[in-house]
Structure formats: structure tokens, C-alpha cells
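Both of the next two complexes hold subunit A, though its partner changes from subunit B to subunit C.
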Partner chain A sequence: MTPVHFSFCSAFILGLMGLTFHRTHLLSALLCLEGMMLSLFIALALWTLQFEMTGFSAAPMLLLAFSACEASAGLALLVATARTHGTDRLQNLNLLQC
Partner chain B sequence: MHLTTLILSSSLILVIAILIYPLLTTLNPNPQDQKWAITHVKTSVKAAFLMSLLPLMIFLDQGTETIITNWHWMNTAPFDINISFKFDHYSIIFTPIALYVTWSILEFASWYMHSDPLMNRFFKYLLLFLVAMILLVSANNMFQLFIGWEGVGIMSFLLIGWWYGRADANTAALQAVLYNRVGDIGLIMAMAWLAMNLNSWEIQQIFFLSKNFDMTLPLIGLILAATGKSAQFGLHPWLPSAMEGPTPVSALLHSSTMVVAGIFLLIRLHPLMENNNIALTTCLCLGALTTLFTAACALTQNDIKKIVAFSTSSQLGLMMVTIGLNQPQLAFLHICTHAFFKAMLFLCSGSIIHSLNDEQDIRKMGGLQNLMPMTSTCLTIGSLALTGTPFLAGFFSKDAIIEALNTSHLNAWALILTLIATSFTAVYSFRVVYFVTMGTPRFLPLSPINENNPSVINPIKRLAWGSIIAGLIITSNFLPSKTPIMSMPLTLKLAALLVTIIGLLTALELTAMTNKQFKITPTIPLHHFSNMLGYFPAIIHRLTPKLNLSLGQSIATQLIDQTWFEATGPKGVSSLQVKMAKTVSDAQQGMIKTYLTIFLLTTTIAILLTMI
Partner chain C sequence: MTYLVSLLLIALIVGLVAVASNPAPYFAALGLVVAAGVGCGVLISHGGSFLSLVLFLIYLGGMLVVFAYSAALAAEPFPESWGDRSVLGYVVIYFVGVGLMMKFFCGGWYEGSWMIIDTFKEFSMLRGDISGVAMMYSLGGSMLVICAWVLLLTLFVVLELTRGLSRGSLRAV
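Presenting the complex of A and B:
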């Protein structure tokens, strides 16, 4: 595959792995989610140029708008967690579980 | 220029000008002298009365009627409105009678209200009322009539609530305005219909064009207006409550002049109703119901003014019946004769009330025949005229009405009700005379009984003369436009007299029985029905406001606050979401990392499988 193709595919996969294997902080998972969104954005823009589909140019912008919404939802959850549990460390979330 | 018409028109306009002059002197910023009421108001009414006799004599001699159109006032898009006075035989006869009665009442009021510091204002209100009434009866277009109509309504409100410190007086004034307003809706609807369909508010044009239209809707409006203003059944409770006002107010407004305005409207616009059977039947049945119901209520009242008020209401029902019989002239005759004896009954009541130190309960009067001979004599004359004693004033109108009712081919139920009401008239009139003048005194010994003041006696005497001879004078001078039926069986001819005598005999029998007790415990449900006015005010004045207020409360609280805001609005949405989230999150164990790792593993295996 082309180098560009390889770069954003690997960026996506690395972000996904960072999301799944996050260790201490919730914030790092959210950051990886942002990275995934960014790589998808670059992918959509490149495909528009590659296949010369001018009608598809709006797609990256749409993705950006929705990713902003989703990021804000994630941050709201972070703030709620910090408010209820005092910190965003993931061990706190099931501290009282048997 | 023909001299007769010039004298007629100028004297009629002068009558109105004489009445308005004292009102203009009140616009003077300097305070009036103490005797302004007597020197200005009473003198002007007396002068106006004497002036109005001139057109009356011209009308009697030559039969001239006149319409005076003075001034083009304004112009609505399709038609214009003028100031226009119609002096036909109704208003030419009614004006002198109204002025005569008002003159007597004002002279009486100068004695009755002499200790009131605001007596000048009282007389000003009475004069303003009189001007509005004259405007009403002489109006040639509906707009001017409406001005007079509203004017008398407002003055009634101000005068009923004269002693505004009394809560009952304020309630009664409010009641008068509200019930009159319901009637006004009918009048306004009729005026709107006339403006839209007949394109005019002038009476001549309305009469001319109405032959082509179905007039049922405006006629129902006019009947509703008469129901409100003349206290027919359904809108009647304000009239007995209006007795909270001073006695001159009751004598002027609520017996002779204002309450007949509704009937006068129907008389004036009678040509519209002649051929409309729905309107005529409505008038007949409504009038019959009113006259019986109010006469039944009058039987057990204990306040002398309330008895006379119910008697007025009953006579108004009789006038409505006459209109339903297609006999407007008989109704008008009854208006004229009724004014005399009813005003006199009220003035006698006022004299008695003041003499007994403001005692109005007939159970606390008695034996006044020797102590107040002139007043009790005139009370008796008035009651006899009211019951239709032959050849007094009431006989000519009442007997003619009952004869017309007997010989018509209309509703027999209305006839029976009217006859029963006529016998009740005799009963309650006798009850008043018995309790007030006969027997032994039941009032305190130190009552200031004094009827020697000429301001008291002269008006009552004048009205007594009127009650005796007015019927004779009016009927002998005016030809009826519809021929009365002269031949009928003897029983029918004497029907009114017979039922009156039967009522009187029954009442005499009952008075003889009052001190013999036939039963240990009395059974008095009928007495309660009559005394509580048929429970009509008790139900309507409480139930309707309660229903409306509770409807308002349930809309504001339950519909808007509880339902829209909480159950379906924001709070409802949030409660639904929270429930669903709780249900879903019960299933999760919270092992996020494991879940995500398995997810990654699954994705990797899926990709590798596709590559193979």
C-alpha cells in the first residue's frame, strides 16, 4: 500500500489499541479516541482527492463536526466522573465492587 | 311655517334643555349652595313637566307627532348617525308622566335625604338618570337609544350603591350591572345585525326594510335585552336586591322608569315583531312565567320594599305578556298607569320607614292607620289600584290586558299563570296593608312618627290623585289602534275581578287562622321556596362562580403545571431516560478494559480472516 495509506491506517490502529489498553487515566482513552477521529479525517480527505469525487468534499467537514460533539460528550463524562469519584483514575470506578 | 309644529318642536327641545341646565351649573368650580338641590333641580323638573304639558295638549287636540333631526353626528362607512328625536304618541305621553312622577319623588327626596351631606350629588344623579331616560324614550335611532340605555344602567349602579359603606349595597349594585350587561349583549347583537343587514340604525328605515327579512335573530336579541333591563325570569334577581338603594331611587328607577325601558324598547320596535310567532310566543311565555314566579316570591317576603319590588317585577311580566299578545298600546297604557301607583307605594313605604326609625320589616309595623292616616290611606289606594279595583288607574290597563288574554287564541298555560298571578297580587297587597296599617302596633313606643311635613304629604297626595284618575284620562283620550273584542261570556269578562276577589277572600281567611294552630309542627317547604326566591339566587350566585373558578384552577394547576411541565415536558423526559439508563447499566459489570480488549481482538481476527 502507499505510504500515505499505511500512515493513516497505522495511526488508526495504534489509536484503537491505545483506547483498548489504557491503563490509568480515562483522559488517555479520550485522547486516543481523538487520534482515531483525526486519522479518519485525513483518510476521508485523501480519498476525495484520490478518486476525484468532488461531491464527497463535504464528508470530512461533517466528520469533524460530529467528532467535536462526541469529544464534548466524552469530556462531560470525564467531568462527571471527576465530580463523583474525585479523580479520573479508572481503578476508582469499580473500587467498591466485590 | 305652521305654528303648531313650531310650538311642538320648540317646546320639546326646551323640555330637554330645562332638564340639562342644572347639570351644567354643576360644572362651575365654585361650590353650590346648600339648597341647590331644591332650588335648581326640583324647580327645573317641575318647569319641564309644565312645559311638556303643552306638546301633550297639542297632541290630544290635533294628533301631531314629530321627528326632530338636529345634527349629523358621525358617519360610519355604510350609514351615518344623527341626533334625532322621535316624539310620537308613546314619548309625548310618557314624558309628562315621567316628569310628574319625578317631580313628586324629588320633593319627597328633599325630606327623605335631608340629613345626608351629599344630597346635592344625589339629586344630580337623579337628574342625570332622568335625562338619560328621556333620551331613551325619544330616540329615533338605535345609537341614541343605546346611549340612554347605558346611561340609565350606570346611574342605577351609582344610585343603588349610594350608601357604599354597606357591603350589601355594593353587592346589589354589582348584581344590577352584571345582569343588565347580559341583557346588553342582546341589544348589541340586535344593533349589529341591523347595521349589517338593514344598513341603518334609524327606526323608520328599519321598519321599512324589515318586511323582506327574517327578523328572528335580532328579535331574540331585543327580547334578551328586555329580559335583562326589565327583570324577567332568568335575569330577575337584581331587582329585589336593588332595594338596597334609598327609597327615592327605588321609587324612580326600579318602579316607574328604568325597568320599563326594556318593555319600552319592545313597544317601540313592535312593528318588527308583529308577524314573528317565535318572538311573540317567547314574550308571552316568558312574561307569564315571570309574573307568576315573582308574585309567588312576594307572598312570603318580610321587607316592605322587597314586596313592592316583586310586585313591580310581576307587573313587568304582565307587560311582557301583553306584548306577546300583539298589543303594544295596552302595554304602554299599563306602563303609564303603573308608574303612578307604584311610585306612590314606594313613597308611602319611605314615609313609613323613616317614621319608624328605619324599620323595614313588616312584622315590626302595625296599627299605623291611626298614627299615620294620610300615608296609610294612600297605601291602601295604591294597593287597590295595583290589584285592579274597578275604575281606579290600574283597572283600565290590567282588566283590558286580561280581557285580551282571555279572548285570544293563544297559549292557555300563559293565561292560567297570569290569572293565578293576579290573584296572588291581591294576596300580597292585602298582606302589606294588613301588616302595616291594621292590628296593634308592634314597633317601639318612641318612634318618631311624623307625616306633617308638606314635602312628604304633597307628593303622595299628587300621586294618589294620579292613581285615581290617570287611567280614566288616558283611556278616554286615546283611541286604540287595534279594536278590542267587546263581546265575551260574562265569566271571561269578570275573570280578573273574580280571581282578585278569590285571592282576597283566601288571604282574609288565612289571616283569621294565624292565631289558631292546626298542626304541632308546621310543614313549610313551600314557604321556604317562596321566601328564598325559589332558590334561584342561592344556586346561581354560588354555583356558577364556583364552577368557573375551579375550572380556572384546574387548568392552571393540573393541566399546565402538573401535566405539561412535569409529566410530558422536561421532567418527564428526564425521568424516562434515567429509568432506561438504570435498567441498562444494571447489566454491565464495569470491566471496560476487558471489553475493549476483546473488541480489538475480534476486529484483528476479522481482518486477518478476510486477508486469507
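Presenting the complex of A and C:
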């Protein structure tokens, strides 16, 4: 693996592990998701640049647009959680707990 | 020159470790800003100046600013930085993990591992990445329309999610 390839792969895996082992805040899980999107944008853009496939440079732009949609949906959920439970701590989302 | 790119790549990994170790969201957003900035540097060193500018403007200047404002919803009296015991454990584990993976998987810089777009095309007026994005308006027009439709749909999704008075989601009242 070249160093560039290794670094964005490990950036994606780090974001995924941060999302998996989230601790207290919902917002920190959403930020790990944004980190994954960042590593995917860098990966697609580097694919375009290193293979000189100029027509593929629309792909990172479209990825960015769809990730903006996903980030806004996540933030709307965060706002709804903060309005209902008063905070975004994940231990407060326990209405269905027996 | 490879030292500069190696430094940027290390800063990318350090920034994402700073996000993944889940400190208070203020500090995680800071780590993401640093990671996006050096990611732009990596893209520039491969010749993709337009894509790097798009990343800076839209990702950092649009999405991360909104995340920074939303960090006010995660306010706590004693925010945990990377020096606190629980977060530092995660930081150490992630650095050790990345080091182990680097030992097994990371190779070196070899001839042809770092291709810069538009290498022998100095006399071209249009750069590669910007004319590729312009293809999104000509041959990829249907994808552009779908993308715009999805963005409009997301606007209404957000409106319905944050509607109150027991008609939105996550309302127990």
C-alpha cells in the first residue's frame, strides 16, 4: 500500500471505530461519521487525480452533496433529541428500556 | 517534497484519531478541522486544486461550521479533552493500532506511486479536475437533477424531523 492509500484507509477505519465505540454524546458520533465522509472524499478525489480520469471528478462532488444531506438529517435528529430530552447524551435515550 | 506529503498524511491520521477518541464535541470538531485542512493539502499536492477548494469551502466552511454551532447543544460544565483519563486510553489504543497496521500494510514511496494530474499538459488552459466537474453539467446532467432533488427532499426531511408539538420524531410529549 502506498502511504497515501494507507492513510485514507486508516482514516476511514478510525472514523468507523469512533462511531462504533461512541461514549456519551450523539454529536461526537455524528462527527465521526463526518470524518468517514472526509476520508471517502479524499479517496475519490485521489482516485480521480492519480489515474487522470478527469470525468470521474464529478464523483467526489456528488459524494459531498449527499453527505451534506446526511449531515443535515443527523443534526436534525440531534436537535430533536436535545428538545425532547434536554441533552444529547445517549444514556438519556432509554424510553424503550425495560 | 515527499516529506511534506508524509507530514500531511500523518496529520490526517492524528486529526482523525483526535475525533475517534470521542472527547467533548468541541475538541472533536477541532480535530476534524485540522484533518480537513491537511486533506486539502494532500489533494493540492496531487494537482487537484479545484477539488481541494471545494472541500475547504463546502465541507469546512459549510458543514463543519454548522457542526460547531450545534456543539452548543452538547455543552457540559467540564468538557473532556484528550488529556483526561478515559479519552487518553482511546487515543493510545488508536495510535498503537495505526502503528501496527502501518507495520504490516504500509509500503514506501516508489516510482509511480504519486501521480500528479496534468503532468505533461502545461499548455492546457483548463485543468483536469475542474473540467471534469464541468462534465457534471453536460453529460452528467441527470445526476445533477437527482442531486438537486435529493437536497430539496432533505430540506423537507429536516423540517418534519424538527417539527414540535408531538408531530415530529423523538417527542415524548
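Simple rule for what comes next: the second predicted complex is superposed on the first by the 96 of 98 C-alpha atoms of A that agree within 3 Å, B and C clash if a C-alpha of one lies under 4 Å from a C-alpha of the other, contacts with A are read in each partner's own complex, and residues count from 1 in each chain.
By definition in this document, contacts are C-beta pairs under 8 Å (C-beta built on N, C-alpha and C of every residue); 3 or more make two chains touch, one makes a residue touch a chain.
This one's a predicted model, so the numbers in the text were calculated from it and none came from an experiment.
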When subunit B and subunit C are modelled together on subunit A, clash or fit = fit
Query = Which of the two, subunit B or subunit C, is in touch with more residues of subunit A?
reply = C
Ask   = Thinking of the overlay built on chain A, is A:3 touched by subunit B (first), by subunit C (second), by both, or by neither?
value = second
Message = For A:90, using the defined touch cut-off, is the partner it touches subunit B, subunit C, both, or neither? Pick first, second, both or neither.
response = first
Request  = Mind working out whether A:21 is in touch with subunit B, subunit C, both or neither, as first, second, both or neither?
outcome  = both
Task = In the overlay, answer first, second, both or neither for which of subunit B and subunit C A:60 touches.
result = second
Request  = Quick one: minimum Cα-Cα distance, subunit B versus subunit C, in the superposed arrangement, integer Å.
outcome  = 9
Common interface residues of subunit A - those touching subunit B in one complex and subunit C in the other = 17, 21-22
Task = Within their complex, state which residues of subunit C touch subunit A.
result = 5-6, 9-10, 12-13, 16-17, 19-25, 28-29, 32, 35-36, 39, 42-43, 46-48, 50-52, 54-55, 58-59, 62-64, 66-67, 70-71, 73-74, 86, 90, 94, 98, 101-102, 105-110, 113-118, 128-133, 135-136, 139-140, 143, 147, 150-151, 153-154, 157-158, 161-162, 164, 168-173
Message = Going by the contact rule set out above, which residues of subunit B touch subunit A in the complex?
response = 589-593, 596-597, 599-600, 603
Touch list for subunit A against partner subunit B, complex = 16-17, 19-22, 90, 93-94, 97
Complex contact set, residues of subunit A against subunit C = 1-4, 6-8, 10-11, 14-15, 17-18, 21-28, 30-32, 34-35, 38-39, 41-42, 45-46, 48-58, 60-62, 64-69, 71-73, 75-85, 87-88, 95
